[in-house]
């Protein structure tokens, strides 16, 4: 359904390529997690897929095929057809990603207005349905509110509603939970899972938190400095990290969580009738978890510039 | 790492303004003719001997503009110094402390802003009388409210920012917080505002002199000369055009600097 | 004579008039309608009541609306007006006026003796009347009717200047709207005004004398003389007086005749005789030598203007002393010597206060400042608003020196010269100070004035007044400069401009050809 | 209102000027902070009179012992930061009292972008607390800054950088250094790692742990991430709607949550 | 509604303050209206009589309250200079100025909006600097200098109107409007330049916001984004700016009226100040201030309708 081949993106005002040869595929109905440190090129990859790259400001090459159509080099007319319709995008900061002067309902409807000939009443019905789908308590009330009148969690739900209202086959989620409270985070993840199950939507879920990804995705790709350094089933990556960076990422997860995770995994495995390999039981205690790449000052992502 | 990059506007503005300022500074020490020296060569068109021609008393307009722009520059600079200086103090106090002082000063500010600036200047001048220094005081006062309002916002925005809270927790005095911790972070709004204010001051001084309430001879400002020139527009158009041209050029140069500064701020965020 | 017009404009040719047809349109229409528009630089006084009015600009306009028992002719002599005849007794104490038959007020009423007595009495008694007039009238002991057209006026002492004072306007008795809706007997009647915009007059059909030619006169007000010049150029105005040579140079000579008369004022660098260093006569004299009158005329007035040497202007021929003009020839060396003698070998700093709205005075002051540099005096101009000049400089006497022009009102030598006496310098019991704003203090001068006032012989009196003039010159009361040329731009086709030795503009003689 | 806050801060923050109880019991000597039944909230200044009062904290009561890391968790808006402000003296409690047994605490904020003055180089920001203190000369100040920089494991080059040129993790280290440079005994950390990448989170937590040993510190560590709290803290307070609903050692609370709310939180965190 | 009520209350309070300041200011001015009226030869007695007549011998506060009470009943006092009710004196002038200001405002709106949009769209073109420089140059020319040029070129040379001959509005409305148009243009030009500059930077700033990316991700074209989202979001600063403009062009009219010889409020104000005609000056100043504050308040109220977030904030 989605195929990214050797994607390169370089911004004119940067020395290093933001994305330096990324390839991966996403099958129908699958949720792929994309994790990596800040600045590793996760968002740029997602933007390339959605056709949102600021093309004047960067050089790009490679292929991004969505249902066989090349999004990277597509003209505006084609993009317009695909955006919103086939691909829905959810951004990190719901507060700034919504037009502050337009009622939430109208923003949810906007996609339909662009892509369908539905009557206003019909559109409203669909929008309300979408708002209900994301489990907002009072869709009718939310429909008539302005973004600033909603809490962060409600807004993020509305964003998701707007992204799924046209039933796109692909949903791009760029750190949709990072700005949220843990309890709400959990709710959103639950919601995404449900949507995936119900509508069979494919999703690309971006996060810098492997633990969050673990709960949602079957498959995960780990990015560092513009390239994918490791890819595989979440379980494998989580319990048998190969790449040092991934290992480091795992080390940062508190021991307690890992124990619980293992418990979950075992339960799952038992259900599926297979055992988790034994050697990964011995987990290093979190207290001694130090970054393998020695210079702690520098690993904190690149310096701005 | 993003260095503050100079941009074309800033460079062009600095060059234009620099040349004019240099020319003005030279004018303090040397002018082709003594600026007040009268001669019988009245109202002569521009020539090699008199680049901008002569006025009704046969004085060399080039020399006079050279000196007059100095007065204008001085007035504009001092005006801004007063306006921005007092405005910053008021803005800092009201923005940082808030409370009743803020309420009162801002109401007063509102009231002052309600008078169109030229009118306010007119009123102050009719209290103080005309003259170079009174013009500076009048315009300075006129300019205070807008700076106060702007700086108030800039200071208030920092009041509850973490680094200021830290500064308070480390026991820094209010004065130290205002001056050393907060002020440098307001420069990015203050500097472009200074260039705009400078230009407004030049134009306001010109308008005031034109209305006959500006500087008085033997001080010549460009506004004074322009009002003089208006009466000779037909017989000596070069007078008005050269003075008007120099004013426009000076203002133009400074506003390019302002534009450049703003672009620079935007680039750095 | 000095007081009459000299045409300095180019002779009008038909071709030129044709060329300017565009701008002429508005004015041609006015010529057809027999109207004119005159530009003036300041609005009239708040009160149009002629007895209260003080501004010269107001009198200039209202001259056409009011008349007294007598009025001035273009030579400055008084001629009968509301009175048709006057008999003066030999001792000069009894004046018998005969009321002219059928003189009508603008409101249609006929002038009777009651109106005349009311008017004179009012000027004598009302405290709001200009003190120069009311003081002069104090000599009137009684006013009596003799029949219904004769007025007998008895004086307590003879007064040679009484006739000038009796140019005071005759107004309808007990009419209380003079200040907003004035009613007089002149050739033009007041129609209305719009504040800061315009004043309108209309020909008075029932005028007793030669009626005016123009039917309707509109005065347009513009404080900026540049605006007036532009109005002339654009065709909005037909006539503007009191222009400077620079302004005249702005005009297209094909459309205008430039007439030159005199302003009838004494323009001088007035020195405050009580303020250092001008309390020193030597310094004042040095200034007189340092200032080059002709230089000023050439530089600031394109050579127009009439140099003077004392406080009388040339048009006032009877009192003008020609010989004083050259008393101080421009002489830098002498000026320096005098300064050295006075203890200022290196000169000093001084301030010249000038009313900023009078460009000619500002220009003059600028040239003077430049000239004084030669003797080491560093003069700074202090431009002030007219209101503050009146209050601080003139009434408050808070100045060092000032450039201004003094007029004569009424047109008598006394009004020009009395102001420098001690009586006008010091305050009276009520705390009023007179008009000696330069604080001139000279015992001889005071004595001469006493003599002049008591002298009833005209020739003798003229001699004494001339002595006084000389006294002012010798002691260098001020630096006398000139009577300024009065440049009047008159649209081609409009003729009949008459100059008076007064600050007035007589519209009754104007006419379209 | 703002000026009164300022007053209290400036009068209360002088070093050594803190009111240390004269006769303290042995048990109390082990304490760094005592929060006694504190209630309080915000007063919004109104046009007339006192304006609105919004209570945030209700009867908050706990203490922090010497060398202890106390966690404070709760959902967004429950009043965690409000409590921190009150402990710092920026806000007066309406009821109850707060007793400090050490110097006034310093604070580390969540947002590393606004906790350093953008106008100055890092060196200036680190020196400033010492300058304000006024007891050290230039050389001593420089020495201490370098010392502290080493402790937070930052290279010397950072000194001449401006905050905008640093990564989030570096900034947070600098903020920690600035908070510690005057050697306080007690630190409040208000979500110091929430804005950071997980890998950097781990580094910062490690650093905080190390510094506790090295500098003999106690913390009040605020977070909404229970996992992070578990990694770092000895004891934990769970707050809901301005009340402490549960407190105890981390293991106690995490293994046997008593309150329904705590259970929810824990479930969400996994 | 509550917000509107609060704004109107604020307007009222500011007006009272303004009126007091105005009244006080003109009483501090050293001049003496009695002297101004009676001229330089006036005696103390005459002056005293005049002062009494004008009510100037009463205590300041009494004078102020009398005046304020009068103001509310539509009695703006009697002009010292003209002995006429101030209201009837200034009404015709206010009318002229108001018409001029409105024309000017219309010109500004009509020209600056499309120009600003275009400038924003073309901001990445290579020739943007030319546009920007021309814009800056327009701001650099003093309004009265422009007026002088315009009245010479269009008045004297091209004869589109007759400088110095302002037709009476009630007699020749078209002529008056044409005359005012040229003056209005002179007031408008620098303001248009400012508006274009402001619009350009607002639009560009707005285009860079996150929600624009969101809108595009839904399939909107740039033009659609502009129409549907960006314009509305740029409206608030634009309306604030226009409010300020409305206020400032009145101040600008003072000088321009002088050059064009337009019998408006500005010229009358300048003349009245130098005549020490307090009642007129005070009335004009208060009316002017009212205009300024009203412009601001109206802009705020409109903004508050556009942006629901402003309802919460009130004053910044």
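Order of writing sets the labels: A, B, C, D and E. Residues in every chain begin at 1.
Everything below uses one rule, namely that a residue touches a chain if its C-beta (ideal position, glycine included) is under 8 Å from a C-beta of that chain, and two chains touch if they have at least 3 such contacts.
Since the structure is predicted, the reported quantities are computational estimates derived from the model, not experimental observations.
S.K.: What chains touch subunit D and also subunit E?
M.R.: A, B
S.K.: From the C-alpha centres, identify the chain that is farthest from subunit B.
M.R.: A
S.K.: In terms of C-beta pairs in contact, which of B-E and B-C ranks higher?
M.R.: Spelling it out, more C-beta pairs touch across B-E than across the other pair.
S.K.: What is the chain whose Cα centroid lies farthest from the Cα centroid of subunit C?
M.R.: Of all chains, A has its centre farthest from that of subunit C.
S.K.: How many angstrom between the C-alpha centroids of subunit E and subunit C?
M.R.: 41
S.K.: For subunit C and subunit D, what's the span in angstrom between their mean Cα positions?
M.R.: Taking the mean C-alpha position of each chain, the two centres sit 86 Å apart.
S.K.: State, to the nearest whole Å, the distance from the C-alpha centre of subunit A to the C-alpha centre of subunit D.
M.R.: 33
S.K.: Express in whole angstrom the distance between the two chain centres, defined as the mean CA positions of subunit A and subunit E.
M.R.: About 53 Å, centre to centre.
S.K.: Mind pulling the subunit D residues that touch 2 or more other chains?
M.R.: 164-165
S.K.: Residues touching two or more other chains, restricted to subunit B: which are they?
M.R.: In subunit B, residues 1-2, 126, 230, 233-234 touch at least two other chains, as defined above.
S.K.: I need the residues of subunit C touching at least two other chains; which ones are they?
M.R.: Residues 233, 357, 385, 388 of subunit C touch two or more partner chains.
S.K.: Which bits of subunit A are touching subunit D when the two form their complex?
M.R.: Per the touch definition, subunit A meets subunit D at residues 37-38, 152, 181-183, 185-187, 208-211, 248-249, 251-257, 260, 286-287, 289-291, 295-297, 299-305.
S.K.: Subunit C touches which residues of subunit E in the complex?
M.R.: Subunit E reaches subunit C through residues 30-32, 35-46, 49-50, 79-84, 89, 92-93, 151, 155-156, 159, 162-165, 258-259, 261, 263, 267-268, 270-271, 274-276.
S.K.: In the complex, go through subunit C and note every residue touching subunit B.
M.R.: So the residues of subunit C touching subunit B come out as 225-226, 229, 233, 246-247, 249-250, 298-300, 356-357, 359, 362-363, 365-367, 369-370, 373, 380-385, 388.
S.K.: Using the touch definition from the top, list the residues of subunit E that touch subunit A in their complex.
M.R.: Listed in rising order, the residues of subunit E that touch subunit A are 124, 209-211, 213-221, 224, 228-229, 232-233, 306-309, 312.
S.K.: Would you tell me which residues of subunit A are touching subunit E in their complex?
M.R.: Per the touch definition, subunit A meets subunit E at residues 50, 52, 56, 76, 79-85, 87-89, 91, 93, 96-102, 110-111, 114-115, 146, 148-149, 159, 162.
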